[in-house]
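Shared between the two complexes below is chain A, which has chain B as its partner in the first and chain C in the second.
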Partner chain A sequence: MKEVVLDCFGEACPVPLVKAEKAMVDLEVGDLLIVQIDHSCAMKNVPEWARGQGYNVEIEEIEDGEWEVFIEKTK
Partner chain B sequence: MKRLLIIKRFKGVNYLSETNATSSLSQRRSASRESGRTRKPKKNLIPHGIATFIIFILLGAWLTSKEPSLGIMWMTGIAFGFILQRSRFCFTASMRDPLLTGVTSVLRSVLVALAITSIGFWAIKYGAFVKGLPIPGMGYVVPISFATAIGAVVFGVGMVIAGGCASGTLMRVGEGFMMQILSLAFFVLGSLVGAHDMGWWQDNVISKGTAVFLPDYLGWFGALFAQLALILVLFIIADKWEIKHSDGQGGH
Partner chain C sequence: MPREKKVEQYDVVIIGGGAAGLTAGIYCGRARLNTLLIEKALVGGLATYTNEIENYPGFPEGTTGLGLMKLFQEQAKKFDVKFKGTDVQKVHLDGEIKKVETFRNIFEAKVVIIAAGGRPRTTGAENEDIFLYDKGISFCATCDAAANTDKVVVVIGSGDAAIEEGTFLTKFASKVIVSVLHDEGIMDCNEIAKEAALRNPKMEFVWNSVVERFEGEDHLERVVLKNIKTDELIPIEADTCFEFIGYLPNTDIFKGIVDMTDRGYINVTRNMETNIQGVFACGDVTEKYLKQVATAVGDGAIAGFATEKYIAESEIFEEQILTEELSLSYIYNAIDGDSRAYLTTMEKLEDEVEAKINIVDVYKSTGIADRLGVKEYPCVVVVKDKKVVEVIKGLPSKEDIQSKL
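Up next is the complex of A and B:
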């Protein structure tokens, strides 16, 4: 049940998505990936990709224009 | 204790599954990360919004007093930017995400937007044609040539690296994304280089192609039908593409 924080502040779309995809490969079922983003486009496609994969996703706006996307690897 | 509802999709049917608080993602994180870190409260941005809105209106009124069409451009530009930002509409993502993740929701919304604008532009042009007026926008009917294909490839590579197309870059500069200010600077520089070499492309490549205005070939209604039918076919392909590439988990 480990947590991995992926710092993608300042990275433009699609870099956060590609990084999240790569980080997810190394995680085990039940692990949590926290992607930190401030690019509004990534705020859409990272959760969309993760939901498409069937993972549990939650989004929290931690600052104005900064988000943390929580992705739980479920399979 | 706060309980969380998660909607899960199973074989195309939505059902509600209640997960208890211990398995909620934000609960898990609040247990491990939140402790020892106090978050500063968010600034209330509503007064800024109201002030900006008033400035927009005053500037719009001033522009309209100078030249009525400027006021219309001002309002359309702001409305376009607002919708672009709030909807997270992104032309780059529409072309890139189908190949990167198999998600085609943005691509499909671009196709819907194209269909709506096709009908709108058709109505404007057909209206002018029926009244016997000169058809507006005919200056944009330009020859199809290799320049179109070369330009599309260069623009496509550029927008994916820069993180946004022309409108997307402008919108994110407005959002305050620093990297995209750099994109904008080089976008302006690239446009200057493009404008400088446009004459060469015009003489050597573009003028060798043929200009096609669909109503000349298919009739007014045939052109509209052909265009909408093509968009519908692309929409169906995009929908099938997403189903094929997302592990059958839905994701619509």
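Up next is the complex of A and C:
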């Protein structure tokens, strides 16, 4: 069960989503992907994609306008 | 093997970040309670799906749902409410310490406030699941109106939301066809919205109809309505179908735990208490007469206030009432003259017995009496080793009390 941090600070849509999708391919079930974002549109589409896949999702605002999206690969 | 969950402690965990949950958060935060609010999607709840809110007091020019909820959240943050953006998977609500489980954490709290709201109800028609959300079936005119500029859209329902949102859609769409279950001229919405809709040249109505099925290749192309009186099928070419046929409360994880109605709405007292001590509920998730931002705010304020009282009472109860050493608690209602006069007897007793004396007035709150399991007042409750030893009913003489010690 490893944790992978994906730094997407400063990157606009759809880059964070594309990166997250790619990173997830290499992960095993139970692994955690942490996507760091600061564009509010990614705050919407990254979690939406992940929930749509049936993954566990948590969004945490670490600073004003900066978020970490925790995604657990569940299948 | 599942990931180990980190355990965190709070005074209050609020489930749901709509108008009710955010208001409860503001009240709890301002009462200096360590408060966590968990929201599964975006903070703001259902109000963020509404473009214009014109009946929320304080905004004579109207406001947007998103804008208003942003202000709510800012205010909650100002009072140090913490936010987590994730789904609650499980709850354990009995006992003094409640547990709320998400995929990464177990949150322990003295109080849980359920403000989980609801979600749009769907028609259940054939192929509906294939076209939900971005494939042509929408629940939010504000979100999808602009994408339907100069197109034909279908609206299902005739309540306030259906007719008002349908009217809003006529600003964009070339035609808005409304499927109404009732006979011609009968709608569930308010009269003003109804008259405006009937006069609107871009709106058409299909009376006595329900959705039979949805059709299309990748995206919705056709809504097939059915006349419920004649069984006639009415295909309508449309790009988007907006469904406004009510909401379902988000109470699945509370089933069998919290008392609720047949339709899944949580039953609460006027103080927003559920059937479980230390668990409150507020907003659209509760059984209530009017679901609006204004009423959600009222509910949330009561739930927040009641939470503060409950926690304060818990502290008094544990530290002063349910003691190791011998204690006597006089439970009375201050509006009763005889009960008031008896206070002097209790005061005298304080010098004569080796016991802690508590005076508990039930006029404002019966919380402590309820915890002691006392239903009739006045009475004197004797506690030792954290257990109720004896309940002496009425206004006993000093000797009476001393003989029981």
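Keep this in mind: the second predicted complex is superposed on the first by the 75 of 75 C-alpha atoms of A that agree within 3 Å, B and C clash if a C-alpha of one lies under 4 Å from a C-alpha of the other, contacts with A are read in each partner's own complex, and residues count from 1 in each chain.
Just so we're on the same page, contacts are C-beta pairs under 8 Å (C-beta built on N, C-alpha and C of every residue); 3 or more make two chains touch, one makes a residue touch a chain.
Values in this document were obtained by computation on a predicted structure and should not be read as measured data.
Novice: Touching A:Asp7, do we find chain B (first), chain C (second), both, or neither?
Specialist: A:Asp7 contacts neither chain B nor chain C.
Novice: In the three-chain superposition, say which chain, chain B or chain C, touches more residues of chain A.
Specialist: Touching more residues of chain A than the other partner does is B.
Novice: Which partner chains sit in contact with A:Ile62 here, chain B, chain C, both or neither? Use first/second/both/neither.
Specialist: The answer is first: A:Ile62 touches chain B but not chain C.
Novice: Return first, second, both or neither, reflecting whether A:Glu72 touches chain B, chain C, both chains, or no partner chain.
Specialist: Both partners, chain B and chain C.
Novice: Once chain A of both complexes is superposed, is A:Ser40 in touch with chain B (first), chain C (second), both, or neither?
Specialist: Touch partner of A:Ser40: chain B, not chain C.
Novice: Find the residues of chain A that appear in the contact set with chain B and again in the contact set with chain C.
Specialist: 1, 32, 44, 56-58, 60, 70, 72
Novice: If you look only at chain C, which of its residues touch chain A in the complex?
Specialist: Listed in rising order, the residues of chain C that touch chain A are 1-3, 41-42, 83-87, 102-104.
Novice: List the residues on chain A that touch chain B in their complex, please.
Specialist: Checking each residue of chain A against chain B gives 1, 3, 10-15, 17-18, 21, 32, 34, 38-41, 43-45, 48-49, 51-54, 56-58, 60, 62-65, 70, 72.
Novice: Tell me, which parts of chain A touch chain C in their complex?
Specialist: For this pair, the touching residues of chain A are 1, 30, 32, 44, 47, 56-61, 70, 72.
Novice: Considering the complex alone, what residue numbers of chain B touch chain A?
Specialist: 6, 24-26, 28-29, 32-33, 39, 42-43, 45, 85, 88, 90, 92-93, 96-97, 100-103, 105-106, 160, 162-164, 168, 172, 175-180, 246-247, 249-251
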